[in-house]
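This report refers to the structure that appears directly beneath it.
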């Protein structure tokens, strides 16, 4: 489903990703972790062609993303659900419009859009705020709208960048449960996070980045915290 | 993908966008209206001054005042002379009575007095209306000389300097008018393109997001293109409405003023064809503005 | 708080802002230049047509063609008649020779021919230049009647209809000009205000942030005000430059063209005072635009 | 320093804060917690007058904020350091400019601004990115710039809304240490977060909100997790 082969990314001479190689199979649930600035978001942005790699090959869903013509990028992105680290909600649109904006232009009737949005927003406990604007929502509520938008269209691939950073523990676990359900139904899920508790609780494969390099390709769940805590987070 | 539904969504999106950004929309409509209005105002002024220009053409007339001794044969001879050249368009005899009558019409209050004059001080004359090209023709001076030398001619009146000046003025006004019209048209197109571009700049955050969530380019650009078109149309309509109001106001002012000198002008509005042209201009400018503004390079912000 | 340093920071911030938003800045400068340029173009046309308007005033002249039998006493009598009224500004006797000479100057190529004519076909005349107000005065018709009735007068020429029309044309042109100038000025001020407002809209995210981190209002608004001022100034300069280029181009065209009729116009640029006025207009419009645009209500977004 | 007395806040009929009463003394370090949408950010926004309370009194630094004229708000805000949940960095300014923007207009010379910014950015490990634009930074880096901006001017009151949401464990603890240092030097610190681990590790007073109400006025550190976990977050 997703394959990185010796991928590097450079910004004005700064290498933020170096020699990244990993694979995620269809339906797999994969975590991406690493300290702040390690390159997690950059790696994700390469997948949906928001950036082009400086070196290497990226295959997503059988397509070579690195050499993809611009005209095919929108369709690529529509096949995915993406939760951005900074949410990227349309500022002057209601929650409902945010969640179903693209479907509207694919000709999905209003009633169906509404029904789908309602169902998805229920999953993140925001079905009662469909008419609210993003600026009228709390940080965590915005994050959940972003998640609902990513989920609403049953994507084959779900990319979530720090999807629980502004959620309390209870909601964070709910969201993780949700993502696991989605992956069970066949969607490949890739979640970037630095919440080690989440990773541990979920017990899934994990790719760890540090300063642009993959330092741990596979960390099974339920390992003792020290196994991931290379940089020595103080444990509670 | 359900195409008609998608199209309907696109159109409704464009209109919703215009309504949501009411202030921005009205602003750009007004800016466009100003641009188109200025072009229209230019045409309006041109339309209303056309009669003056035509007057200037009318006035290239050679008047041969006849001696009181002039006979019918003399007149016929002068007329033959005139018709022999290609310079004269129309001939007209003016008898002393006619001249006096004309004088009376011009000065209505003086009419009875003029009629009661002992004898008629107005000489008979022949008016020769010239072809438009005649004024600058090389054949005119010899012709005038011929007329002046005729035995029945008391005086040949053809105020050349005057006509030269007026013709120059009209030519200059035309030239400036053309330059101005070209500038105005360019300015209007530029304004509209940039207003649409500004609208896009104002929405660059939304555009970035739409791109990131995989919205098709058509959906991203379509509403702006349509919006440009609608704004161009509304701007043109507003411009025409404003011009019409100004025309009415000038008309009212002309009617109310006691200055009889202005009475000679029938203030006219733009002919229908010009109105349609201005609306088409608004539409095309809006569309072009939209196209220019939504080039990928611009949307990338 | 170090006031001079703060002020310097404010000014440098304003300029940096203009430079950073190069495209937006040049866009608004061009829009402002178009607005001011149109006002300027109007003045330019007015300036150049003024000679025509003055010509029209010159032409309110009554010409009394004299019978060949007219004596010196007759002439003096006519002149006395004219001076008795308040209508006549200037008197001038035109002898037959002078009339012929004048004819020769107008038609240079015909000069020798005119001089070699057997006898002189041009009658003597007295030209009475009227006061500007005389044309519409009630005392004019009786005066003309008096002249026409004089024993020495062959013909009194005063083409009233013609003058009426021209005066009407000039009055109408003046009126449209005034309306147009008012519209243009309003349009320019409106454009500038809205360009500044748009700049602010484009920066609404920054403004919100600056407010939240406690930036003083002066610091938030100052750069926009200053920016408006600078844009107004640059716009006015650009407009003047464009007008100057257009004037030069017209001049070159007039010089190059073989059309002698245009030669009578010395194409002039705007006088210095008008240029200064336009620059002041740009500055004031920029400042006003800035003030209008940065009212708290607008900044609140 | 901060005093809320029976404060309520309503948005279009929705009460998001109800009868909130609490006090924070000068130099105190106080946590504010509660599930997503509980009203934490709203409460903070009332302190710096980004919203007006619908009812009740708010006293900050001896000033009645609720009835403050608009002209005095900027000075109030300048006396505080604020870390916003969504950072609110100036988008087209470098990190250096973001951190010292307001000082520039108070006439602080460029060299001094630069020195101060460098020192503060060092504390959050971003001194090497002074020339970067926010969009060239990772989520966690942006968050740290926001923190540096709040700290640079030695505020008497520091308000931080979820200041570690995008930071890994190590950086999060560093930041908490930093905030505690600041509070030791006399600055009142108010931190909204749902990271219970952080609160426990810091061992400070904590106000817990739930659906707009204060449900726990005072939670001492090192209590068993259940003491705060009213809504039953799954513990690792």
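Each chain carries a letter (A, B, C and D) given by its place in the written order, and its residues are counted from 1.
Note that a residue touches a chain if its C-beta (ideal position, glycine included) is under 8 Å from a C-beta of that chain, and two chains touch if they have at least 3 such contacts.
Source: prediction; values computed, not measured.
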Centre-of-Cα separation between chain D and chain A, whole angstrom: 27
Where chain B and chain D are represented by their mean Cα positions, the distance between them in whole Å: 67
Separation of chain C from chain D, taking each centre as the mean of its C-alpha atoms, in whole Å: 63
Chain D, residues touching no fewer than two other chains: none
Junction residues of chain B - those touching two or more other chains: none
Category of the chain touch graph - line, ring, star, complete, other: ring
In contact (per the touch rule at the top): chain pairs: A-B, A-D, B-C, C-D
Parts of chain C lying in touch with chain B, wherever the complex brings them together: 24, 27, 30-31, 34, 37-38, 41, 44-45, 48-49, 52, 55, 59, 65, 106-107, 109-110, 113-114, 117, 121-123, 136, 141-142, 144-145, 148-149, 153-157, 160-162, 164-169, 171-173, 175-176, 179-180, 183-184, 187, 190-191, 194, 197-198, 201-202, 246, 249-250, 253, 259-265, 267
List of chain D residues in touch with chain A within their complex: 11, 34-38, 40-42, 85-86, 136-141, 144, 161-162, 165-171, 173, 194, 196-197, 200-201, 229, 231-234, 236
Of chain C, residues touching chain D in the complex: 1-6, 9-10, 13, 20, 205-206, 208-217, 219
Chain A residues within the chain B interface of the complex: 48, 50, 71, 73-80, 82, 84, 88-92, 101-102, 104-109, 149
